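Heads up: the structure comes next, in structure tokens.
When the chains are written out, they are named A, B, C, D, E and F in that same order, and each has its own residue count from 1.
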Amino acid sequence: MPDRQIVGPVPGTKVPRFAGSSTFARVPEIDRVSDYDVAVLGVPFDTGTSYRPGARFGPMAVRMSSRHLRPGHHVELGITPLQHIQVVDAGDVPVTPFNIDEAMDQIAGHASELVSDAHKVVAIGGDHTIALPMLRSVTAVHGPVALLHFDAHLDTWNTYFNAPVTHGTVFRRAFEEGLLIEDHSMHVGIRGPIYGATDLDDDKRFGFRTIRTTDLEDMGVPEVIGAINQRIGDLPVYLSIDIDVLDPAFAPGTGTPEAGGLTSRELLRTLRGLTGLNIVGADVVEVAPAYDHAELTTVAAATVVFDLITLMARRATDAG
Amino acid sequence: MPDRQIVGPVPGTKVPRFAGSSTFARVPEIDRVSDYDVAVLGVPFDTGTSYRPGARFGPMAVRMSSRHLRPGHHVELGITPLQHIQVVDAGDVPVTPFNIDEAMDQIAGHASELVSDAHKVVAIGGDHTIALPMLRSVTAVHGPVALLHFDAHLDTWNTYFNAPVTHGTVFRRAFEEGLLIEDHSMHVGIRGPIYGATDLDDDKRFGFRTIRTTDLEDMGVPEVIGAINQRIGDLPVYLSIDIDVLDPAFAPGTGTPEAGGLTSRELLRTLRGLTGLNIVGADVVEVAPAYDHAELTTVAAATVVFDLITLMARRATDAG
Amino acid sequence: MPDRQIVGPVPGTKVPRFAGSSTFARVPEIDRVSDYDVAVLGVPFDTGTSYRPGARFGPMAVRMSSRHLRPGHHVELGITPLQHIQVVDAGDVPVTPFNIDEAMDQIAGHASELVSDAHKVVAIGGDHTIALPMLRSVTAVHGPVALLHFDAHLDTWNTYFNAPVTHGTVFRRAFEEGLLIEDHSMHVGIRGPIYGATDLDDDKRFGFRTIRTTDLEDMGVPEVIGAINQRIGDLPVYLSIDIDVLDPAFAPGTGTPEAGGLTSRELLRTLRGLTGLNIVGADVVEVAPAYDHAELTTVAAATVVFDLITLMARRATDAG
Amino acid sequence: MPDRQIVGPVPGTKVPRFAGSSTFARVPEIDRVSDYDVAVLGVPFDTGTSYRPGARFGPMAVRMSSRHLRPGHHVELGITPLQHIQVVDAGDVPVTPFNIDEAMDQIAGHASELVSDAHKVVAIGGDHTIALPMLRSVTAVHGPVALLHFDAHLDTWNTYFNAPVTHGTVFRRAFEEGLLIEDHSMHVGIRGPIYGATDLDDDKRFGFRTIRTTDLEDMGVPEVIGAINQRIGDLPVYLSIDIDVLDPAFAPGTGTPEAGGLTSRELLRTLRGLTGLNIVGADVVEVAPAYDHAELTTVAAATVVFDLITLMARRATDAG
Amino acid sequence: MPDRQIVGPVPGTKVPRFAGSSTFARVPEIDRVSDYDVAVLGVPFDTGTSYRPGARFGPMAVRMSSRHLRPGHHVELGITPLQHIQVVDAGDVPVTPFNIDEAMDQIAGHASELVSDAHKVVAIGGDHTIALPMLRSVTAVHGPVALLHFDAHLDTWNTYFNAPVTHGTVFRRAFEEGLLIEDHSMHVGIRGPIYGATDLDDDKRFGFRTIRTTDLEDMGVPEVIGAINQRIGDLPVYLSIDIDVLDPAFAPGTGTPEAGGLTSRELLRTLRGLTGLNIVGADVVEVAPAYDHAELTTVAAATVVFDLITLMARRATDAG
Amino acid sequence: MPDRQIVGPVPGTKVPRFAGSSTFARVPEIDRVSDYDVAVLGVPFDTGTSYRPGARFGPMAVRMSSRHLRPGHHVELGITPLQHIQVVDAGDVPVTPFNIDEAMDQIAGHASELVSDAHKVVAIGGDHTIALPMLRSVTAVHGPVALLHFDAHLDTWNTYFNAPVTHGTVFRRAFEEGLLIEDHSMHVGIRGPIYGATDLDDDKRFGFRTIRTTDLEDMGVPEVIGAINQRIGDLPVYLSIDIDVLDPAFAPGTGTPEAGGLTSRELLRTLRGLTGLNIVGADVVEVAPAYDHAELTTVAAATVVFDLITLMARRATDAG
């Protein structure tokens, strides 16, 4: 990336952060620059939700809270990401709320136009269902990927009311479609009861290793980072972060809150240990602003999106 | 209804209203009495929503606020309804959130089991989509009905993202299916911009007369009541009340709020003028509790449901 | 009141209204002036509540919102009240939440110290139970009084779970104790169902005339004012204003909200028509801040308290 | 305006209203069309606020709620405005929150670039202070204007803590600067106490006629419309709408709420009667989203902005 | 428990969790099965509250959030509890809010009908006062018990405004009545200032050991579990869990929040270490929904109730 | 302090904590006692805020939540502070919101009247800008001080929109004015991105050592306490606590929330380790109640203020 002119975010010292652009972190809209490294894409779809809907307003709300970020130098990761890579806001997928299958196609179609070897997408959901078309798009370019999945729930159930594609079944579908590299995927942050003891067996059969929230507490963040890095190595990896991996105290604005979760500090520290990963795509999902308070959830989610971008910038720079 | 033993609600002087049964107005569950006149049915479906979802939690929330009603003597209507007719709570339709067509069948199937000549259903939504299967069930017993529709919106659009059945299109579908008696249906409370000027022509073509909110203000409530009674007379009529007919100040907890609406006093006074109608079914829809505050919306909705039941009791008594 | 030096409120142009004194409308504390005409008294008691408790926080919250009043010239009533009479804040009655009878004595004892022929009290509740000890104190000085009662509910029930003194029974008790002048009391704003048709007969037997909310709408505010003035004339009158006389849209922060109530404009206009009344005491009750939003209820209640004081100032001036 | 190609809003039937563009009503950004008739301009400034700040977030929040508008055919005004005139979103003025004088210059400078004989601006505040630089810009083009001012407060005080320019003093400043045509300005909706009786005299001296909220209730909306039209005629007029003209029940999200205000229906009906006015500029101010609930205030404000634009479209069409 | 037919909860895969039964975790109502092992009992009483009331709505709200539990396999405790023991919902005690003594008798009377050697009760409060009648009922069957008390406060004060039975004095009363086995009771989670240094001495005199929140942090959860198990051993133990043992961030919906508390993870991990205890009764109290947000507190409380039931199921199974 | 008569707070066992005095922790107003050791001073100023304003309501709200404190024996610090030193409430500085420079003078002037060698002030903000005039007042008495600064942000930026004094620049100004002892100041709790990598160098140049949130987690609270004590020793120290040092889950009511912060337990434990410090002044700032929920933030802030006072009492006693 030698001579390229990066168009960075609108600076908060020139335009107050409560004013101006409403793109993610106030980066340029996609059609205002000639090329990009990472596109942030809103996917306002929540018809796959089994409990509290509303994640369709997630992209709008996460972008709004992202205005508050001072997206300059990332101290922990030692880089000023938006000056090193071109990040753009690709707007929202125009997606129907009335038909899951149709929506899956709309999302995959839209994402596929944005994704290529040199172009990455970070999706803001939307409910977790959107991870399936995202994986379809990403794997069409990169082949099967390792999945690194932060969530309170496994999301590998089979069907719900006969529906094969919902926010609780997407990773079983992804596995069945061959989108995941076997034995290199992980769940982190799982907790709470499950429908039956066999759920865990199924999950293992799909090649997942699970670090439950209690495991994370016992291991400590550094050991968790080690386990992730060891399992995934340099394989292409897709990160899918359900905001309900956080405790409801840190992320009340979500559809299926589960007591006893991660602190936002634990999540951010874990992510910041993943500089070695080859992230080819990512999503942050299940932000339901109607249940949020004072932007607790959306500030956390916007920070996670910014950290994902920063990890991509680090990788590009380290590699570059 | 001479010698029948009516099982009334749990009395608030014996069990505090914040305790005990969670059925609507604390009437008995349907399987705890031998017969009933009116069944309150929850229809927790909101996948037909085009803006803010969440009406799936409507039945639960309206029931909860209904505990606060003192469901004794209705002063304006001069009757103690729950002592005159047997009202029961029929629970909720178990309805999939993932597929609109399937849900329509589940709702119609469930309602059809409850509806007959002598048994009436008041449905608590759910979004407005549920009015279609309700109409299918009711008209299967009574034949085509007049529709009396309180709403900020016409709900006679054609399709949305190609979906024929959504909360904005149900009454066009009902008309096309022959469920409505021509030239006897009415919208009351319409306001706000529309997609295009032709929407109104379509609507008229389906046989609706419209009393816009501004018309209601100009006419006054008594004249509106007169216009309704004149248009509907003694025809079997289905009442469909979208809570967004109220101004958002009175009903913030709804999906598509529209400024400049009715006060709850105007709505209740209008309803209380309809003692002459032959109501064969009814619904109260679009209560989205996540957007409510201090039960404003659900108290209003519970009062409307109670008034609908009282109208049915009046009719039964007057006729009896 | 010729030469007396009135200590007015802290002026909002010198100390910002969000700063400084936390007394009602920032008038002086009672022990900082030598004499007073009207004392505002907090009565933080809510154990007489049958549904949503929390009115114990009413005095604190109404005072806080009263800071926002610009308590200068009252345009409609044509007087600058806090410059004409000495108004003070008498703090709160220290009242037990654990025993209703004991609390009644504490309140009556405390109020009695403040009330005399020349000293008036406006109480801020607390739930409506506090009206009983207030009436006991006021009538000890003035003899029986006419009661002008704004409320959604009659509050003349007999007992609740065997408890004779609750927020729903106080005016029956007051009548039985001979505190009310027969045939000169009124309810204004009643609405909603009642436990039984006989409630109304009882109520009439206690000498009340009732202007229901629907009556008020039919009569219009000027006629209501006329009816009040005619019934009460120049008798000593106690005004008791349950904030739930307002529609929940205007006063969500209350314990037993009832759909279809007054607008705050209707209430204020009615009060402002009562310049001829000989008000010897008053209360504003049932403000439950936990259910309020953005100070809707407490701003309305503070305005009502200010208007009551202004009516007292008008009477003092007109008489003076 | 014969052959011009209008770029209308993103249609809600193609892109769901919860997705896509975050401009006002999803009209194009100003630099994406070659010319425009009306520019919507955000002015996120609230340092002139005397009580609850937060109106700096008004532009963002009103835009967000405007997505929910179906900005098609305006039934009452009989026009499809965004198809008849080119409306654009001009973004936000980058304005300092730390210095009132500097901010005034920034706003006036920015607005002046947008305003000309053929280009109009509707500003979204921000607190009411922004009306002063808006008036400076507009009058630089059009000369002195009549002011039509909807507000609970006069905003013609002199100084606050020695500050000459605050949200409570702007119209005295405007008068002193000769920006207002004498004897043709009006306040509508005034209510609540004032600092002193002389405030009213001052106000009259500046050439204002006042229709208090109680006057409006007595006159009725049609007579108010008549009075406005008579006073203003065809003079160039600037409309300044403080959202606190609405009762707090309809607009809780504002800085200085005042009980007893207009319903949103009364405000909208009054505005819709002003088709004859020659509106040369307008603002909607004092929306403080932190105090809003469920978008009550911002939906009302967005509707008001849309109606202002529609009035401009009507005038352009009627004249055209 | 060999051949018994257990009636489990309504399955979330058949009836959506936002629909259907409103019993705790959707287990059957008590009168719909022939026998039961554990009854969940609502005790909607909050007149013993010294600060923010509202826990009377606790049972209703905890039940509502419990619908969201997937009450299947408890991974940490390795059991599918609702398939192993018969759990029922016994509804609410009809309890007066107006008289503490009377309420104590109503609660003890009602609980005594449910409790026997083979039948256990988990009570959902209500304020902490309800623990006293619960202890009276349980000890009538089992004799004195060890008390394991999770709370921010000691609740062993003597009197409050002369009232001997309030939510801050119950365990002193229980000790005086001989309901507690001496030297085997514990407080866990205590923090914050106390009225005087002697409070601690009194408390020790009543035979309590205290693990303050800071002790818990220093010791770590496993050591705390060890200390509990050692002190209580196999004695019959009553668990009383005041939700304010959690930090207000995790449980805002409570009456006397205290900064610096437990995370829900710490509480759940501690409870899950108590598989060896012989729990003969339990309560979860002080959930005040009016102060909750997005069900933070009620989801945590419902999870705690579910874990208590699971511990009982484990004990029954391990013993069986 | 031998024979002095201390006037303690209104006891919660005599006057319920929801009643009576609205001073901080219900200590006496400053003019009701002859002398004092520590004055609590409200500084309701928020015009230095760069994002969400509203801290002007901080003093009022923190005082209100302080009523809930039981300000008796501080168990961890082993003292009953309000019986050992005379603490008073000095009310609020009457401060203009319209001009930063003028406000700085008003605050410094007011604080200077309260501060002397024997009189200490704990200020409740207001935004962080108020620390500058507080430092000016304190250092006028004590000479330069060490600064111990808890915050998510450095607050040593240079200017914002050309404004030299804002809540993000105060400590650079303080350093430039020579108010800080070089090489003895510390930031604790810093996190999040910064505008540029050079920010950190500037900060170091001003003599700060920084313990980032991640450092605190790695070091543990005891080691942090050691580092603070070592760096500051017995130098006069000013403590400035921005409530946003807490994670937004623990302090949502603040202007610039930053994910991944301290728990309130970590903050309180750190403070409680500072018994050796010679605290000559302190502030707790950036509490913005409009964004708070259920007093989460204000209860935490009130506890911090109480702990600061207790540290001062300990020092006075240990020294005495």
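Some points to look at:
Here, a contact is a pair of C-beta atoms (placed from the backbone, for glycine too) under 8 Å apart; a residue touches a chain by one contact, two chains touch by 3 or more.
Note that the coordinates shown come from a computational prediction; the quantities given were computed from them, not determined experimentally.
If you compare A-B with E-F, the chain pair joined by more contacting C-beta pairs is E-F.
Centre-to-centre, using mean CA coordinates, chain C is 38 Å away from chain D.
Averaging C-alpha coordinates per chain places the centre of chain C 40 Å away from that of chain F. Annotation for chain C: residues touching 2 or more other chains are 16, 18, 50, 52, 56-57, 96-97, 160-161, 247, 249, 263, 291, 293.
In this structure, the chains touch in the following pairs: A-B, A-D, A-E, A-F, B-C, B-D, B-E, C-D, C-E, C-F, D-F, E-F. Chain contact summary for the complex, chain F toward chain E: residues 12-13, 16-18, 68-76, 80, 247, 249-250, 263-265, 268-269, 293-296, 299-300, 303, 306. Per the touch definition, chain C reaches chain B in the complex via residues 50-52, 160-161, 192-197, 199-200, 212-214, 217, 247-249, 252-253, 256-261, 263, 291-293. Touching chain D in their complex are the following residues of chain F: 46-50, 52-54, 56-57, 96-100, 102, 160-163, 166, 290-291. Within the complex, the chain C residues that touch chain F are 14-16, 18-22, 42, 44, 56-57, 59-60, 63-64, 91-97.
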